[in-house]
Amino acid sequence: MSTVNLSAITKQFGDVTAVEELDILIKEGEFFTFLGPSGCGKTTTLRMIAGFYYPTKGKVTFNDKDMTTVPPEKRNTGMVFQNYALFPHMTVFENVAFGLKVRKITKSQTKKRVEDILKKVRLDQYMDRQVSQLSGGQQQRVALARALVIEPDILLLDEPLSNLDARLRDEMRNEILRLQRDYGITTIYVTHDQAEALTMSDRIAVFNMGKCQQVGTPTEIYNQPVNDFVAEFIGETNLIPIAFKKEKNNEKIYHCEQLDADIQVQATEVNIAEYNRNDQLLMSIRPESVQIDKASLTGENVFKGEVILVQFTGASVHTYIKLSSDAIIRATDLNEGPSTYLTNGSKVNVKLPADQIRVIPKARM
Amino acid sequence: MLNAEKRKTLLLLIPVILVLIGYVLYPSIETLLESFKKNGVFSLENYSDFFGEKSAANFEALWNSVYISLLSVLLSALIGIPLAYIFNRYDFPGRQFFSNIAIMPIVLPSLVGVMAFMYLYGEAGLVPNAIKDVLNLSEVPFSIGGITGILIVHAYTMYPYFYMTTSSALNNIDPSLEEAAYNLGSNKFKVFWKVTFPLLTPGLVAASLLVFMVSMASFSAPFLLAGGFRVLSLQIYFSKINGDLEMAATQSVILSVVSISFLLFMRWYQDRKDYRMASKGIGAHRSEVSNPVLKWCMVTLGILAMIVLLLPHATLLILSLVPEGAWTWQTYPTAFSLENFILLFEDPNIWDPVRNSMVMSLLACLGVFVFGIITSYALVKRKFIGKNLLDILVMIPWALPATVVGMNLILAFNEPSAFSFGKILVGTFWILPLAYFVRFIPLVVRSTTAVLEQMDDSIEEAAQNLGAKWFYTFRRVVIPIIMPGVLSGTLLAFVQAVGEFPTSVLLYTLDNRPISIEIMNQLRMFNIGQASAYGMIQVGLIAIVMFISYKFLGVKTENTL
Amino acid sequence: LAGGSEESGGKSKNESGSDLEEKVVVYSPHGKDILSEFEAQFEEEYGIEMEFLDMGSQEILDRVRSEKNNTQADVWWGAPQVNFDQAKDEGLLAEYKPSYADALDEMYHDEDWTWSGTSITPEVILYNSKEISAEEAPKDWDDLLDPKWEDELIIRYPLASGTMRTIYSSMIYRTYKDTESPDEGYEWLRKLDENTKEYSANPEIMYNQVAKGVGNLSVWNMPDTVMLAEEKGYPFDYVIPESGTPVLTEGIAIIKDAPHPKAAEAFYEFVNTKEAAKLLAETYYRIPTREDVEDLPEWITETEINPMEIDWSLFQEKQSEWMEYWDNNIKNAEKDLSEE
Amino acid sequence: MSTVNLSAITKQFGDVTAVEELDILIKEGEFFTFLGPSGCGKTTTLRMIAGFYYPTKGKVTFNDKDMTTVPPEKRNTGMVFQNYALFPHMTVFENVAFGLKVRKITKSQTKKRVEDILKKVRLDQYMDRQVSQLSGGQQQRVALARALVIEPDILLLDEPLSNLDARLRDEMRNEILRLQRDYGITTIYVTHDQAEALTMSDRIAVFNMGKCQQVGTPTEIYNQPVNDFVAEFIGETNLIPIAFKKEKNNEKIYHCEQLDADIQVQATEVNIAEYNRNDQLLMSIRPESVQIDKASLTGENVFKGEVILVQFTGASVHTYIKLSSDAIIRATDLNEGPSTYLTNGSKVNVKLPADQIRVIPKARM
């Protein structure tokens, strides 16, 4: 039930700059996700919000109240630590009850709430175990329960589900979302699971090397990435360098060196990202948008290619197609059984629909 | 069939058990046997005496000993833990310096130390009289003596056990645990009580054991500060002086039984919970403090603590600088000179005792270092039957009064035995290093155990998995991680060995006369000035050793985390 | 001159080297000053090495006992006779009758010559001469019980001190010898206890407390008191109780199975020559046992000592019991508690 | 370069049975994956193979050599611990070099190999950092590098990539696979990422509550699960209780209570799992096999339903359709842009193709 505002935050450890000039405003009750490669400063940012690090520069405000140097215990945030940080001398129950005890909740009330949350994270029969006797995933769930049970103003979750199986993760996700919606808890979530980030988040911030690259809703981030880093980092994509050639009606024509061909792209905001005159340009097309067919295809941007690899990933099948000596494109299709898989070496036609392509600049480092 | 794990455990245990049996159990058995003898024949009379005829005095003594010891533990903890916490958790100017000062009390030679206390805080002492004069009071406002005196001296001299074990245990606590507690809304106080403090349990248990047992066996303080006050250690001494060796043995056995019960109780207490910090990965480090007010509070506190802690040393220095006759009836010393030092240095052999003490302490510490590490490792990380028994054996040299340990060694080694390789050890150079070794086994074992208890097992497993043999793992992984604990234990042992008196006096020979004996002799000749000068030399020496070990080993221990 | 002494040193070595062992080991509580001086003189005279261990007399007894199987020491120089008696009973001492035996009163040696006395120490009442004038000072033991001295006495804790044990036992013995019961003596000690401010654990502390006026009276031995007053500037003076005072004998003995018996005898003789006795008296305040020493310092010749008749064997027998009684029933432990 | 054979292994902690009567034979050079919910005994099994636990019952053999009680350092396995177990007193370099030092590799050789592997896990510039100064994912990569660098006979990986982002995870996967193939290292892998398990593994074992449910190749596991636990755990599926009715030509007819209709299933091995007469039966159909259309559909197993939820997950879109009061079915389609999403409440036809359905028994617990 707080807004969180990070203004121009920088954090340095000695010479290392972990976070640089970060500006983010997280709205009340929002489910906000930090996405980014390992070591890009997500944990560091969370820790500054929780109050374990003081920013080297910049300000942290909650609801317009300056919190930059307020000690952590006065911030009413609930955090799931990346390394769990469970109290080894307490049982599962005691670990989870800790925050409630501190808040002077009555014994019976505490017991009820702890049992409740433990049931939700499927650990009710482990209540009296020492935490060292739990498996990795069980420990992670204790950490999660401990943060959730206090129903904080701000929930900070640092990869809280990384050690859980898909099924359990799904349940936990729903639990988190339910809590977050019911109590309107502002939630900041760090995850490496993109599907998770995309399904759960109200908005996402994509980080790279201590800097924020893009902030937006999941569909914005996925469908309208601002640069190649974001496009490549979120979801699979095919990136091929291109150069602007000309504009024609409501289409733009780009030339692609690698394919030695022109590419037509719809001239809408969705298909063309903002870029500067001297930026290097790339076209990005998601594998699932690539159409392949053994028979010939009609329309714009159709190329011939050869299947070089078919990969099975459960629900879907990836097909890698070589379009030219240095351009390989990947297409994803739903798995309809082994009989439908293409075989290596077969010749196919590939279509890159003009309304599915996005032109983006290369990210500046 | 023995599996590899069991074989390894056995291999580890064999030397440990041999040493313990040879140098601890075998000598102590003499005392036990003695306690069951009356005029040379077996009887339970001593015990029936203890609990019967003389029970009033004995029980009074026992009770006094126990409650003084418990209070000493409490007081030492109250001083040692906060100091350790402040010096290890907050970064403020001079932190390193203050934290070194904090262990200075153990440097004070025990007898001279207590006397310095009396010169400071006794009825005729400097501080009460200075206050009286400044405020124009008719009476001194306070003076120490009696039980309060004993407790104050105990707290002062024993809190370093808490300070050192707490410091090394604190450095091993994963900071993210405390952060988690803050995050859940606890204030500093709560975090300390509910998280930090319980996690320190292994260290605190170690320190409590050490302090409890030292106070049980403590001699100088009750003797000097409350001559008539009955405690068990004094009863033993008087029984011995009165020529009733059997009763002395009986009282020693009772004292050990109490100490060992305390040990078992603490073990039970500690074993109820788990203190191995097995969080995933390695947490980030020292939390930051940027409150200037707090910072300066800390500095002030540091300076104040330093003054109080160093006052006895200063008194010792003053005493050593006062020429004979210049501070007898006078409230304040009337003259200063280097006379005492000059007198001392006129003796061409002045450095002999110094060298002896250093060499013997070093030898003993080397032994204790190696033995302590192996033993605590076996105690903490290996499973075997009879662990409690081993633990008791380890603690016996600490639970028994020092004189009794000395007597035991005499009885055991004034005839050839397998453990002395067929030689008579009494009367040779080697008996004293051996005595120091035996005396200080518990110190190193306890402080090492405390740190080992906190170590996550999987680190060791990772090394083994990478193909490291047990010994390599031990050397390259386990030891560096537990080094702070081991070093603090060994350092304490060294410092105490240099000043060790009660066993030294029974065992020293012409060739290995240590410093403490020299100080005692000066005292016996009423040369308090020269005794203090010698004391100052000892203090200086130990300070140098501590400085060196900090410079060369301390730097490394900082890196361990 | 230097050459001459060197020559004489060499000569004596040749003379006696044939029957003396190469060194002599002495255990003694006399302190470095005395011992070093005698070491130098002895080595010069006999040309053999003297080694000494300087430690308390109780410790010597413990050590001699513990080294029984592996004797290290030759001579035990200095301890009250009770210690020697105890050692004798345990069979730790060898017999030796010195050449000056005739000059010793039979009070000052063991009947079997396992030890002999070298000096005597009379016990006295010690007082702070800055706070109490000579006239005011108590004149006899019984004066100490006067209520005006309440909380003025500082007493060295008696159980741990040979001197104090002797004094206390003597106080009981004064009446015991007639009544065969220690009760009157106990009563006396109880009254003394009422006037006692504190029991000090060691002499140093007792001196300090008396000197600084924490309490102004004590009982102690005469040589130490004189020495402290004259050498170390303590404001002490003493009174020899009129009714008589216990006199302790300090002795010397040769250890049984001494590794260097001949040298031991030489040393035994050496430390109790007339010259040595005089030196000890003049410089170290020790009253010799030999009756044939002349030109003794004034403080010895001037003071009149009225030695108390004491049955040392009775002391040996009863002392532990009496002291234990005192410890358990008389000593007021509250005293230590009550002072804050 | 070893086979690993677990025969009838049981591991108990006090009363808790973590692994029960496990029989698994892992072939030389195989990439074998353990899959299963949190707390099912995966880590415990790995630890028995590494030698940190001795089985309560049963035998571990490598290449027919009984290893049950051989100490860990003599097994030449390389393990990535679930909690990393990095040496806190060493730098990144020292951590990774540890195993090589033990093997008495020369200094220069060690340096080269460590630098090499650190480059591969993208940590070359962190070589001299203390491990406490690394982010969670960086620490995990150190653990990975440390196990890989010694090129062990058997590689045991306990969720080695759980804290890495998708891109890095991909690279690391390839690195692991390359090493595994090049040196023929037998690899046992624990993961919660199904796509990972399905793409990388030669074979997979699915665990539940200390017991192994099925062992097979990824396609076997995915397409022919032996019971509902496996079907549900691996990939998404729709499970609906059915009962056998009759056989007709090469089709079997089952009755479905919930839909109040008959279901036709092809009577092949792929479509009908083995079951006993008194097993409860379920039909399983993967969401991607469910066909939906607003227009009417022809053929077998066609039902009418109503869209109740449309969920966007990046590459694909999930549509939940209510077929009857207690039967909801999920269908997955590729994401072809927001315009193609169905809206809640719209009426659709649903087809469950007879060759895509699998009939399975309920798992016995």
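Quick notes on this one:
Letters are used for the chains, namely A, B, C and D, taken in the order the chains are written, and counting of residues starts over at 1 for each.
The rule is short, and it goes like this: a contact is a pair of C-beta atoms (placed from the backbone, for glycine too) under 8 Å apart; a residue touches a chain by one contact, two chains touch by 3 or more.
Predicted, not measured: the structure shown is a model, and the values here were computed from it.
Comparing the chain pairs B-D and B-C, the larger number of C-beta pairs in contact belongs to B-C. With centres set at the average Cα position, the gap from chain B to chain D is 56 Å. The mean-CA centres of chain A and chain D are about 22 angstrom from one another, to the nearest whole unit.
Here the spacing of chain B and chain C, counted between their Cα centres, is 36 Å.
Work out the mean CA point of chain A and of chain C, and you get 91 Å between them. Residue positions of chain D touching 2 or more other chains, listed in rising order: 82-83, 133, 136, 140. Shown for chain C are the residues that touch two or more other chains, of which there are none. Among the residues of chain B, those in touch with two or more other chains are 278-284.
Taken together, the chains touch in the following pairs: A-B, A-D, B-C, B-D.
Residues of chain B that touch chain D in their complex: 3-5, 8, 278-285, 456, 458-459, 461-470, 472-473, 476-477, 480-481, 559-561. Put simply, chain D touches chain B in their complex at residues 50-52, 54, 69-73, 76-79, 81-89, 98-99, 102-103, 130-133, 136, 139-140, 146-147, 150.
Here chain A touches chain D in the complex through residues 13, 16, 35-39, 42-44, 82-83, 133-138, 140-141, 158-159, 162-169, 192-195, 198-199, 218-219, 222-223, 232-236, 286-289, 311-316, 332-338, 355-356, going by the rule given at the top.
On chain B, the positions that touch chain C within their shared complex are 54, 56-57, 60, 115, 118-119, 122-124, 142-143, 145-148, 223-230, 237-238, 241-244, 324-326, 328-331, 347, 407, 410-411, 414-415, 424, 426-427, 505-506, 508-510, 513, 517, 520-526, 528.
Touching chain B in their complex are the following residues of chain C: 25, 29, 31-33, 51, 53-56, 58-59, 62-63, 66-70, 72, 86, 128, 130, 157, 159-160, 198-205, 207-209, 211-214, 224, 227-228, 231-235, 320, 323-324, 327-328, 331-333, 335-340.
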